Amino acid sequence: MRKTIVGVMGPGDNATEQECEQAYQLGQLIAAQGWVLLTGGRNVGVMDAACRGAKAAGGLTVGILPTKTFEAVSDAVDIAIATDMGNARNNINVLSCAVVIACGMGMGTASEVALAIKNGKSVVLLTQDRSTVEFFNNIARDRIAWADSAEEAIAIAFSVISNQLLSF
Amino acid sequence: MRKTIVGVMGPGDNATEQECEQAYQLGQLIAAQGWVLLTGGRNVGVMDAACRGAKAAGGLTVGILPTKTFEAVSDAVDIAIATDMGNARNNINVLSCAVVIACGMGMGTASEVALAIKNGKSVVLLTQDRSTVEFFNNIARDRIAWADSAEEAIAIAFSVISNQLLSF
Amino acid sequence: MRKTIVGVMGPGDNATEQECEQAYQLGQLIAAQGWVLLTGGRNVGVMDAACRGAKAAGGLTVGILPTKTFEAVSDAVDIAIATDMGNARNNINVLSCAVVIACGMGMGTASEVALAIKNGKSVVLLTQDRSTVEFFNNIARDRIAWADSAEEAIAIAFSVISNQLLSF
Amino acid sequence: MRKTIVGVMGPGDNATEQECEQAYQLGQLIAAQGWVLLTGGRNVGVMDAACRGAKAAGGLTVGILPTKTFEAVSDAVDIAIATDMGNARNNINVLSCAVVIACGMGMGTASEVALAIKNGKSVVLLTQDRSTVEFFNNIARDRIAWADSAEEAIAIAFSVISNQLLSF
């Protein structure tokens, strides 16, 4: 009965237009799979775009907020969890997901990718940034997969969730 | 679009049969209102009974687990959030709810009631235990309401959520 | 080499003069035993008074702050730990202590006493309030001791720490 | 009265001999400055080595443990804080420090560096690994300084703490 949760992490205020477009697509594709989308829940950047995509496709969205209150929650979050834990909530973001997809990169996202790997989660990075690829490959090659598009990221997530892929 | 979340807190391993029956009813009634049920998510006691009640009535259930993994999650939890925070997750339980209903009393529940009040949340206690009533009335009379039945607890929650009741 | 930590918990803004006097004494006596004092670290009420007492007696003080920053830390805290976790930091307060002494009662303190017992810690309550005594005795008689004075609280803590008292 | 806390973060079980030697030196130099050393507190790798260095130089050491209990604490930790928060405690590690020094790199360390920068802290990286330098420079050049030796890391920390360096 428990639903499969897939996380989309990425920049908030500094997200690029392309990252938001990809996040929107990720949200749509996650909803189309029948998975629940989990994000950091705020009304900016990748978090917001992914939630809007999932809602447009009829999905269910969970937002894990860093705050105590709900003032900055995305309108596209169905279920808002208020942690009042600031950036420590990033650990909850990743622990609750079957797969973590990072779309773009920033300091919050880097912490989520690192925490996800540290916690033994499977991570898909949707980026072509060379220094990001090299850094994470150097310290955790076997826990990370790289994708060039939202479709490819979802295909990898599908493989992991279906247990067709036990490791990358 | 954000859904209203109502929490049901209560004993796990030490819950009585009556507490579990009331928790089941609370779950049913919360689902019937169209609210999301939030509990501590474990497969025992009040948490489990409330989730089963909500699912029997077609509702949606969220479980905030103290653990990193999902081994002890209730089968009746739809959306499981793994915090890996032990009892500190009790604070998240209460922060995410519009109203917190305590069904029975134990140390975990007492911490949740106290944290809920400390965080400014409205709390309904479903108990007739005299020492519990006196203790919480002595330190927080205006933040707590008392109910004798699941129906009464839900009626109070409805008033709070409808803003008909700004304080007790 | 690890130092013994004893916690003093109690009301902040609403602490009475008597509670602050007892907290000051507790701090002095904890320092005199060579124990480290741990409190919630803020510059008000029992937290502040206990820290000042410990420093007056040449002790070492640790403050576990709910905040991200150090603006509201007591001047008598030597080592300030910033959690940015709000009231969830109450769980850290109690986990780090060999014994938790509650001086006075309020919602934060009630959550700390409940969390301490839930986590298997030994708790000394320095209060004569009848409803507090009855409530906690009803749900956790064997984990709580009652003291009428700071001296008595410290004597009990000493017994626990010396393993002369395995349970109350 | 509040003491200046400097954190040393780095690999645990996978730390190299060179990283442990540098961590030991960092601990010594931090103690020599009169600063308190803060680490993740476990009895392995960089955490343990830094604490041993600080104790050898007469310093005071704080360990922020991921666990609820004290079984895996370093013998060289004076003040052990038990968080029971797993990797979410990494956020507390960095929030409590005036400066965070990373010695070596792994997934836990990467999360701490990222969280430190996200929280506005100053970070010194003691590494020459090219991919680490490029990755963090790309996303947070102005919050990170690079050091080739323990002495250089401490000199940078000194500048930050003395407010001679407001940004790198």
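Side notes on the structure shown:
Going by the order they are written in, the chains are A, B, C and D; count residues from 1 in each one.
Following the convention adopted for this analysis, contacts are C-beta pairs under 8 Å (C-beta built on N, C-alpha and C of every residue); 3 or more make two chains touch, one makes a residue touch a chain.
Since we're looking at a predicted model, the values are computed, not measured.
Seen as a C-alpha superposition, chain A sits on chain D after a turn of 180°, to the nearest 5.
Remark: among chain pairs C-D and A-C, C-D carries the greater number of C-beta contacts.
Placing every chain at the mean of its C-alpha atoms, the farthest one from chain A is found to be C. Between chain B and chain D, two chains of identical sequence, the interface residue sets overlap for the most part, with shared numbers making up over half of the total. Separating the centre of chain C from that of chain D, both taken as means of CA atoms, is a distance of 29 Å. In whole angstrom, the spacing between the mean C-alpha positions of chain A and chain C is 40.
Under the contact definition stated at the top, the residues of chain C that touch 2 or more other chains are 68, 84-88, 91-92, 119.
If you check the complex, the residues on chain B that touch chain A are 1-3, 5, 36, 55, 60, 62, 64, 68, 70, 73, 75-85, 91-92, 95-96, 119. Every residue of chain C that touches chain A in the complex is listed here, in rising order: 68, 84-88. Partner chain D is touched in their complex by these residues of chain A: 85-92, 105-108, 110-111, 114-115, 117-119, 129, 131-132, 134-135, 137-140.
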